[in-house]
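Dropping a structure here in structure tokens format, bear with me for questions.
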Amino acid sequence: MFEARLDQAVLLKKLLEAMKDLVNDANFECSPSALSLQAMDTSHVALVAMQLRSDGFAHFRCDRNLSMGMNLNNMSKCLKCAANDDIITLKAEDTGDSLTFLFESANQERHSDFELKLMDIDSEQLGIPDTEYSATVKMPSGEFQRIAKDLGTIGDTVLMSVTKDGIKFSSSGDIGSANITVRQNTNVKDQEDATVIDLQEPVSLSFALKYINSFAKATPLSPQVILRLSKDLPLVVEYRIQDMGHLSFYLAPKVDDEDEMGEE
Amino acid sequence: MFEARLDQAVLLKKLLEAMKDLVNDANFECSPSALSLQAMDTSHVALVAMQLRSDGFAHFRCDRNLSMGMNLNNMSKCLKCAANDDIITLKAEDTGDSLTFLFESANQERHSDFELKLMDIDSEQLGIPDTEYSATVKMPSGEFQRIAKDLGTIGDTVLMSVTKDGIKFSSSGDIGSANITVRQNTNVKDQEDATVIDLQEPVSLSFALKYINSFAKATPLSPQVILRLSKDLPLVVEYRIQDMGHLSFYLAPKVDDEDEMGEE
Amino acid sequence: MFEARLDQAVLLKKLLEAMKDLVNDANFECSPSALSLQAMDTSHVALVAMQLRSDGFAHFRCDRNLSMGMNLNNMSKCLKCAANDDIITLKAEDTGDSLTFLFESANQERHSDFELKLMDIDSEQLGIPDTEYSATVKMPSGEFQRIAKDLGTIGDTVLMSVTKDGIKFSSSGDIGSANITVRQNTNVKDQEDATVIDLQEPVSLSFALKYINSFAKATPLSPQVILRLSKDLPLVVEYRIQDMGHLSFYLAPKVDDEDEMGEE
């Protein structure tokens, strides 16, 4: 059987909010070491990969590997019924066709159980090679979300250009053009406000803003976001989940033809 | 003539918000002892009954019984023009065709009057027998509202089961099933947080969640809600209005056939 | 060249929010003494006039008079990308076809530039004669906005009647009628809460509530609004911008025929 307990339902709630608009159905893979998920978005352009390590849970038991197909929208509906500080327990039989969510209020006065039906979902796990990237940028996730939203009012494509001094986000469209530059900055009181750039070589790549804005829905998961860029490799947008794992998004660059910018 | 004065407009504002989605038009009955209203909802399934005793008003004068037909939506529009802490006075002539609302701001700098046209509405007062119920549950109204909303995302029908230990709300639908249990709990710092169960015999009844969710719009009126249940009797959902009266809703149970659950 | 710098982007943001729903396209006129704008609303009924004096800017340079045609909606989109406390600089070449907005965050870590395309807009500047008005009312702008909104739920037309004691706003419609009176009041702790009436002779004029409600979108610009009324002259609704200028709206009275009220 599978049983996993988290002291704060809010983490799972945020995870589902971050994934449900990109992915309809996906298999949650349970193993003794982790609860994980890998899925292409509905338009088969972006890849979502999530991992929560078993040692991050208050309690975790997984007798044998399980693949649980879930509709993320339904799972999100169910999780909305949990208060943020409810204790949450996931339970499934090895051969069952449902996953049970148990919510207990902190004061023990209310307890709820929701049984969601499992689905059969065809999926293949893609191997994600462990690569060294030309540029790695760690920056405040709220700032990243805001820039994606702001540029989304100007154009469809964002050009990300990383130098050792900073990262520049550019877009253009019918009404004009915009450039937003965030400078490397480690001299901050709170590490969450730092912008740190690790550069092998300068890189400049274009991406569809629509997906960047979807990824940014994971902002509540972490105060910082990590961007990894290399020419001819998908961009990685990674949100670390404290002491437990991460939620990462992968998106292939657009052909970097200046003429194309803002026309998509 | 009829004249009634309340020191806080907010009470009437909340009352109208609680009723206006269920009932379009209704007669407000004025007598020397109370201002009251009784009406079926627009689909003729649920009954709404409101009573404000005259001694709860700052001033109350009713020379002879009056029946004032009002469109609740228009009355709500008018009340939205009052600030929460405005002093509010209702005025009507015995033979007039309008009701005047007078709003005075606490600092006396602004005063407004709104004259609403009265309507002729056919209605019959139903006698509501004073019955003893199998189960009476007093619980935090916010908790009740939340449970109704949560289960509304799962199914159409809620099964309420009361035992001496607590009340269980269950629902099921296409995506799965849910049970939420609230335990009896009188050991609380604030009496508003208590859940108290008065049980003659265990009872288990099904109701349409759509109506339960409409009733729960009265939540701002009172920190507690009282549920009264008996086999073959309508459920009573009662919100007490401090020192003045109550707003109550009545809803007949659904035929308690398990096969039907979630299919309506 | 033209270059103007404001220490707080929020002022320009509020200005655009106040104008963009009334006016689609308009020319910003730059001169060494001021940045100003005058435009009829899209239905050619109301006039909008804005002036920001050059000495109110942190920095202001205007080598020769410039007329910059802008789509206010696009300009608003661009300004939404500035944080409220960003330092904002406007830049344009004398012969260029674009206006550049430069936003710098207070901590200097983020800087953005937006280049908006200019448009050719035909416009004629109307001379607004400096008149003495029968009545001038200075009152809290929030109160004015609230009254316009409240009466908008009752009717289409507001009758403003000023006497030495106060200003009365009246409206009527299908559901009834309403009168809201604000009394002259100078005995206040905070001057922003005062209502001051300067009266040459009592005046009573009717206006379309739709426009009054549009003007009231300028409320965030100033805690007080100034109304100027004279028989046969357009109403002036003026919001003063501290130490810099003003945003004013002009609206012709409706023919003051009581029969017409609430029918428009």
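Think of it as A, B and C in the order they're written, each chain with its own count starting at 1.
Everything that follows uses one rule, which is that a contact is a pair of C-beta atoms (placed from the backbone, for glycine too) under 8 Å apart; a residue touches a chain by one contact, two chains touch by 3 or more.
Please read all numbers here as calculations on a predicted model, not as lab measurements.
Engineer: Would you kindly give the rotation angle relating chain B to chain C, two copies of one sequence, based on a CA superposition and rounded to a multiple of 5 degrees?
Structural biologist: It works out to 120 degrees.
Engineer: Counting residue numbers used by both copies over all numbers at the interface, does the chain A-chain C contact come out same (over half shared) or different (under half)?
Structural biologist: different
Engineer: When the C-alpha atoms of chain A and chain C are each averaged to a single point, how far apart are the two points in Å?
Structural biologist: 44
Engineer: Touching at least two other chains at once: which residues of chain C meet that condition?
Structural biologist: If we look for residues of chain C contacting two or more partner chains, we find none.
Engineer: Touching residues of chain B toward chain A in the complex: what are they?
Structural biologist: The touching residues are 143, 150-151, 153-154, 175-183, 185, 195.
Engineer: Which residues of chain A touch chain B in their complex?
Structural biologist: Spelled out, the residues of chain A in touch with chain B are 71, 74, 77-78, 80-81, 98, 108-117.
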